[in-house]
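One chain, chain A, appears in both complexes that follow, with chain B as partner in the first and chain C in the second.
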Partner chain A sequence: MLYDLSEMFREALSVPYYYLPLFLVSVGIYGIVSQRNLFKQLVSLGLIDTGVNILIISLGYIQGMEAPIYSAVTPIAKFVDPLPQALVLTAIVIGVGVLGLGATLLIKIHERYGTLELDELKFSKEHQRWQEIMDDEGDVGV
Partner chain B sequence: MITLLIAVPLALAFATIPLRKLARLILPVVVLANLVILFALKPHVGKIIELGSWPAVYGITLFFDEVAFYFLSFVNMMFLVISLITRDERFSIPLLVMNAALNGLILTADFFNSFVFLEIIAITSYIISTDKDNALGSFKYLIFGGVASIFYLIGAVFMYVQGGTLNMAYSSYIIGMSNPELMKTALVLFAITLLVELKVLPFGLWVPDVYGNGSALTPVVLGSVVSTATVYLFSRLSLTFVDEHLPPVFYYTVLASIVLSQLGALYQKNLGRTLAFASMASMSTVVASLLTRQESVVSTALFYLFTDALAKFVLFTVYGNLGVANFRNAKTTGIAFTFSSLSLVGVPIFAGFWGKYYLLKALFEQENYVLAIVVLVSTLIELAYVTKWNIEQWFAKKETTKGEIENIDLPFVQKLFVLLSALILLVIGLFPQLLLDKTNLLAEKLFDFQLYRDIFFGKGGM
Partner chain C sequence: MRRIWAILVALSVLMFFFYRIMPTLPEFGNVEMFRKSTFDIIHKSTKGPYDAREFKKSKNLEEGSANVVTSIVVNYRSFDTLGEVTVLFISAFGAGLMLGSLRSNRRITFDEHNVLITASGVALPLIFLLGSYVFIHGHLSPGGGFPGGTILALGILLLALARNDFQVAGTKYVEQISGAGYVVVGLAGLAISGAFLANFLPTGTLGELFSAGVVPFVYALIGFKVGAELAGLISDLREGGA
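== the complex of A and B ==
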């Protein structure tokens, strides 16, 4: 038996600071599924990343506790859990790397096909394939 | 000492950024050094390494046992061959980073650390898959991989929140005792991520565009080494840490993936895409066998995995370098290609035959007839397209503009390694017990969570 997901979802909705991550992840997933422009898909991936990062920080939050900064005025052991924050720092760095690489690939795609629209890309790919076949036949003739 | 397998390739990758030619020369030396270190440490398997001397429950720990040893050996041997036959220096630095991450993925015993290594492997895979100007295929792969990796991250954080630690042994033990349902939910999240790399449909829809673009490097790296390392992690998560099956929907999806991928391979008019679909079918077969959670089936699945990776290495290297070749003028290459493709189908005297024979035998013994029938049907489809492509390459006339038969062949080093790989498939075919003994041992260890835990709980630590 799997952990009851509907119960988990109800629990999530009962905590106000889960609303933002849920909203961001939903918008991101909708964007990836519905958008026909590759750049918008990449932005949607960034939204999902951000939503999940906020969710992880929220999971480590404890009501009424201090920020995890050790100082003379901060009582020890009255902190929120600092580990999710450390994990998110790493996840942000990885996310930036992936988005940066994705943007680089989009520049390459645009340079080659002249568009980032999926419908136009299909047409452009077909056109290039025919062009290559025609070029090959031309070479044989020479 | 075992940490050098991660630290050295990573450090040298960054140190050689201004010197790409040097990176190409260093890559095989580093991988060879990895193998030397591995074999030197073989007598010390069954140890944990606590990084920074932090106790395993708080810090990052590496776990080095016999299963890790054999997977690391296979991955690094394949990597050595790849580094020797790759002449393109553009990919030497990503390959060094990938080598470090693959070793890390197999060695780590920390959920978040494994996420980081998975992401490093994914990023280097995206870079390598742009070979032959294939940015569009690579972007598709990035979107699939990017979305999927988020599930792994959520799974890892769930394990931490419930178990209070990111250590795989402690966290799985605590949650397994207190809340097994949550453990299974986390496994579902992990599985969604790993099935993208394991190329199971619909998660593996990126594969034909990435593998089929004619690059020799991309499918060899992703299909042989990345897939093998991912199978290791998937096996650990689903066999060692969890005592239950994944929901049946996964099993049926994987079964459908085997048949659909084989049909996809049959209907392709391009050899690269045919091999891409064939690769998806093989990995789906391995995953389906792992999902049965039966030790004898898992053992044969590992046998199938290693021999299939070797066969695919030959097929993709030949296709990536020659395209659809004319084997009458490249007989040695042609023989290696035909041997490997026959092994893929499961023709007797080749390793692939024993892979399929042992798998079917184990499935019938376990009365798992559905998977057995699916494997038989997929073999028949495989036979059809393998025959078609062999006839095409041995007997179809491909003439140049001057009316001569095309005379292209692999360079000597590549020809040597594809021939050696094909001969290894033949040797394993003649002496299957050599490999079967090892895979039986691996399957036994994979199911032994007690042993894994004991090493952590103070009986084998160092």
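== the complex of A and C ==
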């Protein structure tokens, strides 16, 4: 049973992984263009981020090689390329920072305008500006 | 109509990658390692000639961590990691600043549940143990400072989900002390070995816990820093700038 599973895993790895990141990036671009909700656009940005990370990792894969760690199982070097993995470690951390800061900006926008839908946001912005002009005129009158 | 445009844009990007970028990529799973500089990094001989390394046998290498990704992240490209930690700090700081300037109090409250409160008391020490194991063994096994710190922050998140009156305090001090400790390790390397963040401790035998010089210390500092930053971010998002 275990042997079958590892065999299946190896077969799944032999499919070129370049197709998965392409798919993820185009789904993310579709989401950014089609959705009018800012939070959904942020999630689409995260999808593109994941797709690019998978692409970079799959550039360093070598058929039949192991994870780049010297251990009791792999005592001598028979490793895939570790440099893309180290770069992706950096990219994941930066992605977390972007996601956290983006979510904070969305909270701020929601506090100010009461919505995250772009159409309502436009309306609410104009409404607010109009109200500010009215307030100013009122001040002048007093 | 917008969806049709979106599908067209996504398809054109897909086509561009498929016909322009894909042919320039190397064949999947068939990269020649001997032509790459990472071949030297794997065999830990960037200065001298190539030499085969073996687990628990090779001693006093130029870089002693068994996990090659760790040896790149914390040793060969350590300055890059210092910048990465700084980026994470700036983003957590910006999030805290922006949430602190909110006008209304958006603190989330919920009904506490006895099962989660009791279970969090049991699970929290185990979560912290796992997190510290992951970052202490970062030079031997998969993991390291960043996942270990994230696991520590997840323990804090569990407490915040279990108790309504839970508040995080003092993450700033942990973060500042560990961030300053990283720079101090770098300056010690400059003073002793003549290069910023150089590995000035003996590297020991490949694959033992006390090996790899400064790498375990630096990864422990990174773990505490990342854990404190993410816990502060969780706390800021929960409190909502009260």
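One rule holds in what follows: the second predicted complex is superposed on the first by the 123 of 142 C-alpha atoms of A that agree within 3 Å, B and C clash if a C-alpha of one lies under 4 Å from a C-alpha of the other, contacts with A are read in each partner's own complex, and residues count from 1 in each chain.
We take it that contacts are C-beta pairs under 8 Å (C-beta built on N, C-alpha and C of every residue); 3 or more make two chains touch, one makes a residue touch a chain.
If you're wondering where the values come from, they're calculated on a predicted model, not measured in any experiment.
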First (chain B), second (chain C), both or neither touched by A:97: both
Greater residue coverage of chain A in the superposed arrangement, chain B or chain C: C
Partner chain in contact with A:59 - chain B first, chain C second, else both or neither: both
Touched partner set for A:106, first chain B, second chain C, both or neither: first
Chain B versus chain C as contact partner of A:20, first or second or both or neither: neither
First, second, both or neither for A:43, with chain B first and chain C second: neither
First (chain B), second (chain C), both or neither touched by A:121: first
Footprint overlap on chain A, comparing chain B with chain C: 29, 59, 83, 90, 94, 97-98, 101, 105, 108
Chain C partner contacts - residues on chain A that touch it in the complex: 13-14, 16-18, 22, 25-27, 29-31, 33-34, 36, 58-63, 67-72, 74-77, 79, 81-83, 85-86, 89-90, 92-94, 96-98, 100-101, 103-105, 107-108, 111
Residue ranges of chain A in contact with chain B within the complex: 1-5, 29, 32, 38, 41-42, 45, 48-49, 52, 55-56, 59, 83-84, 87, 90-91, 94, 97-98, 101-102, 105-106, 108-109, 112-113, 121, 125, 139-140, 142
Chain C residues within the chain A interface of the complex: 2-3, 5-7, 9-11, 13-14, 17-18, 22, 25-26, 28-31, 33, 36-38, 41-43, 52-57, 66-69, 72-73, 77, 80-81, 84, 87-88, 90-92, 94-95, 98-99, 101-104, 106, 140-142, 144, 146, 206-207, 226, 230, 233, 236-237, 240
Chain A-touching residues of chain B, taken from the complex the two chains share: 112, 116, 119, 122-123, 126-127, 130, 133, 135-136, 138-139, 142-143, 146-147, 150, 153-154, 156-157, 160-161, 166, 179, 181-182, 184-185, 188, 247, 401
